[in-house]
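Several structures are given next for inspection.
What follows is chain A paired twice: with chain B in the first complex and chain C in the second.
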Partner chain A sequence: MTASQTRARTDRGGARQTSTWTSAGGGRPPATGRVLTYALLVALSILVLAPVVWAALSSFKTQTELAQRPPALLPHSLSTANYSGALQSFHFTTYLKNSVLVTVGATVLTLAINTMAAYGLAKYNFRGRNFLFLVTLGTIMIPLQIILIPVYQVAASLHLVNSLWGLIIPPAATPTGVFLLRQYMLGLPDDLIEAARIDGAGEFRIFLRVIVPLCGAPIAVLTIFSVIWRWNDFLWPLIISQDQDKYTLPVALAQFNSELVVPFNYILAMSVVSMLPVVIIFLVLQRHIVRGIANTGLR
Partner chain B sequence: MRVPTPTVAAAALAAAMLAACSPGTGSDTGTAQQANDKKITYVYFTDGPDEQATRNLISGFEKETGIQVDLQIVPFDNLEQTLQARLSGNNAPDVARLSDIDPFRDDLLDLNKYQKSALDGVFVDGAKSYTTGKNGELLAVPSDLTMNGPLINVDQFKKANVPLPDEQKPWTWTEMVAAAKKVQQVNKTQYAIAMDVSGHRFATMLSEFGTDYFTADGKVGLDQTKALAAIKEFADLNNSGAMPKDVWLQAGSKYKGANDVFLAGQVPVYISGNWQVSAFAKDAKFTWAAAPNACQERCGGYPGGKFMVSFKQSKHQALAAQFIAWMNSAKSQTQMCQQAAFLPTRKDLISSGITYPSRSTDMNVFLSEIQKTPADTFANNYSPAFSDTANAARDELAKVLAGKDTPEQAVTVIRAAAQKALEGVK
Partner chain C sequence: MNQRVAPYLFVLPNMLIFGVFIIYPALNNFNISLYDSTNGRTFRYVGGANYQELVDNADFWSAARATVVFVVCFVVLVTVASIGLAVLLDQRIRGRGVFRAIFFLPVLLSPVVVGLVWGWIFDRNNGLANTVLRGIGLGQPGWLVDGTLATVVVIFVGVWTHVGFYTMIMLAGLQGIDPTYHEAAMIDGASRWQRFRSVTLPLLRPTTMVVVILSMITGFQAFDFIWTLTGGGPVGATTLIVQYIYMHAFQSPIRYGLASAGSVILFCTIFGLTAINFLYNRRRSAA
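Moving on, here comes the complex of A and B:
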């Protein structure tokens, strides 16, 4: 903590009144609010980062070190035995490829289906519209575990089992996405659509050229949600993909869970490996993601 | 685009719901149409070193027979869910490895139909009633046996000048506790004895105290006084700090191994089973050994194990049965046991013994425990009501440790749970 910060904290009133603050550092002392904000932000980021850092450090530990009480922060040595041992039976590139294909494919499909459904529910008047919307919303309340078997049977009869399509198509229609987009589209003025109709635009053209560009913000939100959902999805991919070369990362990670012995050192090492692509993508695209959300947020 | 998407979706949903109700997808249809291709699927869960051993055996099988085996590894926790979904979609694997065959009894293939000569009567007798179906079918083959028993930290015993237990004249439970406590004091370890959070491991203690969840003829066992003595001893050990109470309380109603406490050198005696041998051979940084089970009223450990099964839905029943028979031939089981530090289930191998390439003495300690283990424990472990009862016992013991129930109440609760579990399977 710098001197000015200490001063600002211990002598808050004084720091604010004396506008002629002179210190070695120069510049104005930070306002109390700002200091508190930063302190809070730093504390929160440590809170969020701690498990990740802990996992990364622990991934170098042996089973014995993991069991040590009290646990040590740093591993004894940066031995890569866990990584090489686990990677022998862990075909990382295959799983990563599957995860990426499924995430991208399912997200594109989710966006296409959900925007169309939401547009229909928001802007067309037809009998039973509200009922259909309520039915769509109602499905939010049914967890996958309950309908797993019938959904699996449908997927099996459509020959989707044990193929990546089976991971992409069935989870594509998400009620949450429809709800999110519909509520946003309700706020768009009907005049825009009518004006486009008068100009002779077809219905699909209106949807593509007028509505979709105006829905940037919720589409961005849904994209992020969908990517997170599909990347972390476990139960459905587990049931649908049977051959190891169809596994996604979370399913592949769970393979290590056995009945009697759980090799946490391997699980930790492979968790770190699975985290890396996401971290790298975020680091590279950070600006774009943040700016994209900020821009579209302005509409 | 006048037809709104949700209508289509709703129609599709309705159709899907109707399809789910349609008959014909049931699994009791006897035999499925058989396919001609020479390729079978094997759904497997792994305990670690056995994965590579299985892969080695499979490649041997493929070379010898020209049949391709697709090994599909699923996490143990989701095994039942996966298989149930696949059975419902008429998409069952040809062969599966199971630890509990009861949820699938009606779906399992009678292996005697194809491989009676190779499989019938070959495996450990205790498992027979469990693997036999209502009409005498052979529903499953015990593919590996586990045996519970203590593992000890030899370094700590030596430092404390406590003699190691003698296999010919095993220690009593009281002697084991006394020895463990002495070693704990000298080495200043946190605990004296640790046990996995599992009703199955606790059954080892019950059996040593002379009783068991069920009697050999399948009625509720749990002798009042003997069970009470075991539970009291267990509670005392935990409450006095000789056993790690927090491991049981922390686990909630889930299985948890105490292997990390042993590996960290914080406990000299760890009651687990033979599956720890290969893991400890790799991970333990001290000298350790398998020890004979304590004899209080009775000697011996407690058995467990996995099974290989095929399904009526399988489209390659003959090949599946052939594969199961091949994997459990004397030669294959020997290889599997040597590479994965497993115990055999074949009667001939149990009596002849197996030479293990590493930690052979420890493995043979477990192997010789099989003969000392009372017959009713096999009947118990292979009883369809066992897992429910063992889980109830585990949860009830946690309640005793938390001070919610007395040991007397615990006996009543576990007896009631055993009764309920028995009624549930009838």
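Moving on, here comes the complex of A and C:
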């Protein structure tokens, strides 16, 4: 029990640790309650994991196995025929490549412009600063869904339709990222910047050499977020990538799923490919993600 | 770089994108909603005719109704379930970190894939859901063929996807409650349920309000997982307002102005409800 108790305490973060801490539920539940709690948690976990596991297992099945009634739990063999088939015969390599390019490109751009904007807002006094911060917060209130038409028109007039730049540039300015980084930078001492100025360092050099290295934690959180956002994006790529060779993986999956041209065993295999990076990132970096969300209340 | 110019240069790239791709389109949306266009190039001023057409349009009302049903069920279920899950996960039990991770996982999955996989599971003849139901002798309901059942499935998948996120927020809220309140209640001999009712719930109120607002905004934006789950069908039963807007803007016959008018209404709804929720809760906490 000691191991999990220490874990429980470190989970809560440093500030609020007390030895007498009891959880809101009143500490350890009584024995019957504990059994009930476990039963409920396990049942719900199965409900959450079942579709993911079922999809992963079935992605190794042949078309005949998928049509079988009742379906077998395990595939006949762990053949990767569905994966290679989808990649070879339906251009999924192109969609995969587009998704990777957009995810990497947009994340790099997001990190660059969001840290810069956050630094400007956090560490300078300038006319219009509060207004710009308010604008940043305000844009959280304006999701893509409600500006679909006008923003498409802007993209069209800038020739961003059917171009991967159209998927990289517009989503790169994230209010969440600016907010997250600004809050973190506010906590960095101004003396650091002053000292660097006295040493004769230029403003951009101070930002790059003094501030950015200190922002490892929020930059890591934003990187994870941005990769997941861009990898999963759907509505924006759906309207921007109209030509098939510009499809990202989610757009290709959605279009082919409704058209019934691509066999479902291929769709399933590519769905698993689409889930894989996110699941891996999550398994490795779970703690950072949860902390990032707890800190900002945003995703 | 000059210290006076520097901040402007730092914020410039980000603010430029905000301006061009969010602020300007947001303002222009009202403008476009006053025009009619069937090709996106030529616009004819029609004043409030688009709004009038929406009000007279049965499909719009169907989408509006479906959206309200979805949002109300989604917000209620997600709020209740996330409080319940957070309370379960806040106990000192073994493997709590693992459970938390599991519940959070769907939040990160591609909504397109989530809809696709659930659509396959709820397939009438060959889906996993009906295989299980047949096994225990419950027949095979046409989940995605019947309008009401499809709505239930859409709500279920929405909750399945998002509940982990709100549970994290609730958990943070629970852990912010000073344990001395619980200790005092325990000394007074309050039962676990009584403590939940009269200590946890009231003190969780601000967090609950955050969850209600956030889930409401998320609910009104629902689109991507439904697109691959039901495609908005059967016969428009699960076509929500965002899909209505998308279809009128990007599928023929294109009606830009009409779609814009729809998104202006969506914007006002989200904004209005958030404001009401916020004011109501501020009044209550002041009283």
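Criterion: the second predicted complex is superposed on the first by the 179 of 299 C-alpha atoms of A that agree within 3 Å, B and C clash if a C-alpha of one lies under 4 Å from a C-alpha of the other, contacts with A are read in each partner's own complex, and residues count from 1 in each chain.
As a convention for this text, a residue touches a chain if its C-beta (ideal position, glycine included) is under 8 Å from a C-beta of that chain, and two chains touch if they have at least 3 such contacts.
Worth saying up front: this structure is predicted, and the values here are computed from it rather than measured.
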Touching partner for A:Leu132 - first (chain B), second (chain C), both, neither: both
A:Gln286 touches, of chain B and chain C: first, second, both or neither? second
Partner chain(s) touched by A:Ala173 [first = chain B, second = chain C, both, neither]: both
First (chain B), second (chain C), both or neither touched by A:Thr37: second
Contacts of A:Ile193 with chain B and chain C, given as first, second, both or neither: neither
Touched partner set for A:Thr64, first chain B, second chain C, both or neither: first
Partner chain(s) touched by A:Phe207 [first = chain B, second = chain C, both, neither]: both
Of chain B and chain C, the chain that contacts the larger number of chain A residues: C
Which superposed partner A:Ser274 touches (first chain B, second chain C, both, neither): second
Contacts of A:Leu164 with chain B and chain C, given as first, second, both or neither: neither
Chain B and chain C footprints on chain A, overlapping residues: 66-67, 69, 113, 116-117, 120-121, 124, 126, 129, 132, 135-136, 148-156, 173, 203-204, 207, 235, 239, 254, 257-258
Chain B contact footprint on chain A (complex, rising order): 62-64, 66-69, 89, 113, 116-117, 120-121, 124, 126, 129, 132-133, 135-136, 148-157, 161, 173, 203-204, 207, 235, 238-239, 242-244, 254-263
Chain A to chain C touching residues, read off their complex: 1, 4-5, 7-8, 11-12, 16, 20-29, 33-34, 37-38, 40-41, 44-45, 47-52, 54-55, 66-67, 69-71, 112-114, 116-117, 119-121, 124, 126, 129, 132, 135-136, 139, 141-143, 145-156, 158, 169-170, 172-173, 175, 178, 197, 202-204, 207, 228, 231-232, 234-235, 239, 249-251, 253-254, 257-258, 264, 267-268, 271, 274-275, 278-279, 281-282, 286, 289-290, 293-294, 297, 299
Chain A-facing residues of chain B, complex: 1-2, 4-7, 9-10, 16-17, 19-20, 25, 41, 43, 45-48, 51-52, 70-78, 81-82, 84-86, 88-91, 93, 99, 146, 190, 255, 257, 259-261, 263-266, 273, 275-276, 279, 283-285
Residues of chain C defined as touching chain A within the complex: 1-4, 6-11, 13-15, 17-18, 20-26, 28-29, 32, 40, 85, 87-97, 99-114, 116-121, 125-126, 128, 131, 134-135, 160, 164-165, 168-169, 171-172, 174-175, 177, 179, 182-183, 186, 192, 195, 199-200, 210, 214, 217, 220-221, 223-224, 227-228, 231, 242, 245-246, 249-250, 256, 259-260, 263-264, 266-267, 270-271, 274
